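Have a look at these structures, which come just after this line.
In what follows, chain A forms one complex with chain B and a second complex with chain C.
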Partner chain A sequence: MLLGLTGGRLLPSPRRCLLHCRHIKSAATAASGVGDGVLSAFRSICGEDGVSLGEAVREQHGKDESVHRCRPPDVVVFPRCVEEVSALAKVCHKHRLPIIPFGTGTGLEGGVGAVKGGVCFSLRNMEQVLDLHPEDFDVTVEPGVTRKALNAYLRDTGLWFPVDPGADASLCGMAATSASGTNAVRYGTMRENVMNLEVVLADGSIVHTAGKGRRPRKTSAGYNLTNLFVGSEGTLGIITKTTLRLYGIPEAMVSAVCSFPSVQAAVDSTVQTLQAGVPIARIDPEFLDDVMIDACNRFSSLSYPVTPTLFLEFHGSEQSLEEQVKTAEDITQSNGGSDFQWARDTETRNRLWKARHDAWYAALALRPGCKAYSTDVCVPLSRLPQIIVETKEDLIENRLTGPIAGHVGDGNFHCLMVVDPNNPEEMHRVHLFTERLARRALAMDGTCTGEHGVGLGKRALLCEEMGPVGIQVMRSLKDTLDPNSLMNPGKILQREEP
Partner chain B sequence: MLLGLTGGRLLPSPRRCLLHCRHIKSAATAASGVGDGVLSAFRSICGEDGVSLGEAVREQHGKDESVHRCRPPDVVVFPRCVEEVSALAKVCHKHRLPIIPFGTGTGLEGGVGAVKGGVCFSLRNMEQVLDLHPEDFDVTVEPGVTRKALNAYLRDTGLWFPVDPGADASLCGMAATSASGTNAVRYGTMRENVMNLEVVLADGSIVHTAGKGRRPRKTSAGYNLTNLFVGSEGTLGIITKTTLRLYGIPEAMVSAVCSFPSVQAAVDSTVQTLQAGVPIARIDPEFLDDVMIDACNRFSSLSYPVTPTLFLEFHGSEQSLEEQVKTAEDITQSNGGSDFQWARDTETRNRLWKARHDAWYAALALRPGCKAYSTDVCVPLSRLPQIIVETKEDLIENRLTGPIAGHVGDGNFHCLMVVDPNNPEEMHRVHLFTERLARRALAMDGTCTGEHGVGLGKRALLCEEMGPVGIQVMRSLKDTLDPNSLMNPGKILQREEP
Partner chain C sequence: KCPRVSPVVTLCYCFVSPQIRVKPDNTGVVTDGVKHSMNPFCEIAVEEAVKLKEKKLIKEVVAVSCGPQQSQETIRTALAMGADRGIHVDVSGKDYENLGPLQVSKILAALAKQEDAQLILLGKQAIDDDCNQTGQMTAALLDWPQGTFASEVSLEGDKINLVREIDGGLEHIKINTPAVITADLRLNTPRYATLPNIMKAKKKKIATVKPADLGVDLTSRLEVLKVEEPPQREAGMKVETVEDLVVKLKEAGRV
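Let's look at the complex of A and B:
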């Protein structure tokens, strides 16, 4: 099933998202392997309060913000430190119990579902910001620390962590899913910004992917374990610390909006702006298509022309920004774009970008009572116009609502599919659509997932994307690091039942 | 042994570097496993000309530009395409013959030495630039294509590939060793710039690390195989294609030089410049210490003050550069730095940077008849002054000549050790010194190798750096992908004899 995403980051906290949970086991049972002996061992490690069998707790840990159905674990544990994570994992290993790491539950591909039952490791009690080194532009955080919490913590340092997937996700969770978002062209994704990880492996041993406490800005010391675990979605180990690169907060930011006669013109403008801009500035263009901008106009009482639209943000010094905006304006106009609307101060910038920020709500408002989820294919820049045009035709042909928003500087875009989850026929049409879209991206040298990960939803597509040898290599890595298939089983790789 | 480096990129071509080869086997023998049947199979794959048993050819493929002694392979093969590489590897796999990939032989840690004999795969005949996509800022190259050859090929496109380790290395070889160099602060290392690899595995199967022909600018599709093979130094497979990110050639470049009263002042200035500069520009500071600048003055008849010196290069637009240079000048002066000498046009820039470019020759000229090699530890920026000061004291105390040059924006620096290779007592002192230096870096949260790799020289230090669990994980990955230990045996990981 490719029906992965609700973009639920805008939904209420997962702790209250119990509406669509089904198939909930009544309690941990001996049959599940989580017997009294195991529970007693868990309690001796992280205390009475650190182990929960409650139905509500298990349910809230059985789903993320996607439309994948709730698959609650048999038990949820709440370790307070890496030593407890390790000790709990050793118990699971001894009893061959699945381990599912849980950060904030803001994933979009069903990554936390306990498809084989087992033990959910909720890491919310590990929420320390550790080892901030402002002069070295790095910080180490525990898995309970979210993106916004870190940036609040950093407020007085002049530094920030820019990777922004929208959700206020756990930074270790973002490492686990190789997240990115709106700032990737400027600052890179998690892959480029994680310097070291502490990981508890399936047998409970603890590894530091770049050596314990190490934080050089570059290294050639052996295999790159850090980037093996970034994006491994909990299937190779539990990330218990991540060391991140930080950046100086730019002296100034300018936001701008511009309308274009066609998708091609908007993308041409993007490519040329990046080409001119890469050496001088941090520019990150966001794209909304005509359907999306129309929805945003209705939702937020705006009056943008109903045509493909670029939202730009420039980061730099006061003086450099003027030059950059001018360069971008020239390029824009040469591609038939309208005059820039642009803004410097935070308030006006936020007003200008309101359409982009509200896109998800605006899409949902197109069909009240429906749910939404998001595709996330990514293709080389030059293929963007064609894939967007073909995808829009496909949407119309198949009577589907799917306004498009994209991190267009990366070639990554989302169809925000608005569907009635109680209409199986429509859900099926959407499923077929998303598969066609993914295959269209694959045929254009792209990927089925630019930033949401594989999880449950894209396992079959991953096989098409990688080919049999690539999948075999991935499987062999998984088998090596997790020979008993305990780590978040059923995710990324499809596997026959044991 | 840590005596890895001659920085031999400035020596004559490895094809003529036969002076220090010893222990050369007289010919491939049945005992080595390379019998007539194997040779005949090789010849049927890549022709008579594609297989060489000649002593000179084997010798020139048995060493890189380091001081590690020559270890010639039993035979050298010259495949012309990936299919031939695969077929040859299958023969090796069947007969359990070691496989050693060879690009340009410009490595610095003994990575091409055939420590267990076997078959050297010289990839020089695979020299096509494939699939240039200027509008997508990417290109795919075969392993015979060097950095300079690619940039010459790109000359008319307005694009370039900026990673620059000094040597005119093969780009696939640079991927294999996770190389970087002078532009890493601005543009990243190979880790950030390789998008996809084609790799022939130990059994001859061919894998595309991001799926065949794929080149999205970001992906979350399963395990990051690309960065597992980047830096694997030929021990997991033979890289036969690499897809690289390209960048727009900056509109303008400005070079600048500035003297400082102390190492601390130079590094403080670097940190502050990066902090101010990161959002607005691509700035990459290079550092020479007083000993190095004195050597450069003597060698090139220059008259720089004999104090710690920064060489800066700014990339950007004409207008933005003025602002950047002014910012950097202000920061420099507030740290007690001298007035900038700066230059815009290529000729004056080259003259200004002559000291930096000639550092290697200048170091060698300090002791005519001696050889040089380079350490490459990397530490967090804030630890640089201390480690450089301690290292200079260590050099003096142990009567060693080791001027320092560094990619200081990364915290990465080289002691260009000038030694008499025929003086075992001095060589031993140097060995002990380099071990102390590496351990000093490890104690400061750094790495023993920022950009040269582990090869033969740093295997013991890698164990200290990673700790036993990290090494065990690396070893398990190696065993999984190369169960018979055929791929470049003896490199990165120390292993008991089978």
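Let's look at the complex of A and C:
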């Protein structure tokens, strides 16, 4: 994830895809992949309103917030409960129709594109929060429940779900992409916070990955099916319920900002603060490089020094916060940090973090009329300064605009590539750059995607990352669970053409 | 010299549901099984009261809610946000269905006298009935000044400076205490109730009273005749040319 805001906030409606859809079949031939018999079977399952062939609806469900062009499905269905999902899946299975699950369409890797047409299962009508157990810190939700909707529901209980990828994403969708967020350093990613899933497989069978209704805080019962499906991006099954781990809302929060003379100094401070950290600082540092800070200064009329900057947040009780802030301040100073500012109350904190929140827009404002694409590599902490320095040199050498923002505590950073989509030469340069960046990360024992997933664009890189044996194991699992290759074709694994 | 006021904050126990359904007999909307929680504008009012107490401008915050047993939960939330104690005015069954702004304002006026309150803070309107009447009626019954749609509140001696959001812009007024203030959206951002505060709130007291104890007559002056859903949106129609469009509009009697 990206900084607190993604392109999803920039344009609330996904109608942007109209600009990109160049190969849309007209409504008359839309259902060419789906016969009338199948359509009436769908209608008898989810009602007349639950099946749509409309061009606008299909386009809306063929695109997410990435730069990948719109690939609309042949038909969109809107099931209302898991039984309907299962019945629809059985129909698709019988007629060998591809199935593409759709949550909120806020993904960043083209995961919902129907590359082979087929049936999009839009799960937004399944929007119940089920089974909240405040005393056990868990809750079960359906796919239509988004992160913000859940946190609003939980307000009065003093609990929250802290994984925050920026967009107001479907929680089941976040499970499907193994989403992460700015709080991952402290609270973990979806992998650590999903306790159980209800999944509909390609043949319509319904599986509960930890057993139906079970929610123990830990288990060693059998294979870890839950984490098999977390991050499977819809290629192994449709997630229809997820049981999540909740946390207490922090009593108090303090935000701080500090500038550093170099990337190395910023990262060193982070590492040392984390190392000092067991009883005290639990930090969520956000790192903005000098190009980004400059953009933010210009966009938001701020005046941060134009050098690498860390934004930190501390959660805890009133007493522990003072201590944490003092320790962090000492560490940053010993690393050459300056202009350490911190704030306790909401209004001042928001002002301090304004730069970070507006970073996406600030990056776009650097080159009006352009689009933004975010890279997503993640490396071990100790390699972060080196990869950022090398990446910046690469950007300058290739005349690319790419302000950097990162979750320093995780070793994960994003280059916001601001590109002109109508300039094929530039797009090509960006593409090559992102490949070099991914390979640089892989060479440093890292991964090509820390948060966003593989989707359409990183399948080849996944092969390099996992190696042939790893990919073969993944393929065997896929072939076992989805022998007809119906679940979200074209994602994660490259298919050998038959 | 700052006034040591004891404000009374009233909460609405209203229902929050994405899909409202009308009851089959058209007498109202379905409320069974629908999630109820504190009215958002009332949350803002509670937050403002707690902020004033934190600034030591007022002595005590009392949270009040009128409704069935479950409305005690919203009082607990207010206590977790920082209110000192709660009063639950027990109204249930048919009385609760007929409970409207006039009855609530009579109850609040009676409580204000009983508690010797100097300031009543409410949300500007409830999001289930959108009446926007209770604050104003309460002020009238008590013959107190009112500052409604407040987006900024500051105490100055025994007067209150208020900024009101009105259609034409922002209105600055100064009113005497005791007074009634209703909170608008931009007054503040309500805090979350944290777990430790929720635990502490369990020890705070909620007193229960009946409207009759306050000498309030709950008979409604209004009778709901019918509640019905808005007409279903009909399918649109595509036409090929502007001339067709004009013909269709004329047919439908629109031009």
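As a working rule, the second predicted complex is superposed on the first by the 474 of 498 C-alpha atoms of A that agree within 3 Å, B and C clash if a C-alpha of one lies under 4 Å from a C-alpha of the other, contacts with A are read in each partner's own complex, and residues count from 1 in each chain.
Everything below uses one rule, namely that contacts are C-beta pairs under 8 Å (C-beta built on N, C-alpha and C of every residue); 3 or more make two chains touch, one makes a residue touch a chain.
Because the structure is a prediction, the values reported are computed rather than measured.
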In the overlay, answer first, second, both or neither for which of chain B and chain C A:156 touches. second
Counting only touches as set out at the top, which of chain B and chain C does A:346 meet: first, second, both, neither? second
Touching partner for A:251 - first (chain B), second (chain C), both, neither: both
If we overlay the two complexes on their shared chain A, which of chain B and chain C does A:140 touch? Say first, second, both or neither. neither
Could you tell me if A:127 is touching chain B, chain C, both of them or neither one (first, second, both, neither)? second
Specify the partner with more touching residues on chain A, choosing between chain B and chain C. B
After the superposition on A, what does A:60 contact: first (chain B), second (chain C), both or neither? neither
Interface residues of chain A shared by chain B and chain C, listed 158, 248-251, 317
Of chain B, residues touching chain A in the complex: 133, 135-138, 158, 177-180, 184, 188-189, 191-192, 201, 205-225, 227-228, 230-232, 236, 247-248, 250-251, 271, 274-276, 278-282, 315-317, 319-320, 323-324, 327, 376, 378-382, 410-412, 441-442, 445-454, 458, 462, 465-467, 469-470, 473-474, 476-481, 492-493
Enumerate the contact residues on chain C facing chain A in the complex. 18, 35, 37-38, 73, 77, 80, 189, 192-198
Which of the residues in chain A end up touching chain C in this complex? 127, 153, 155-160, 248-251, 317, 346
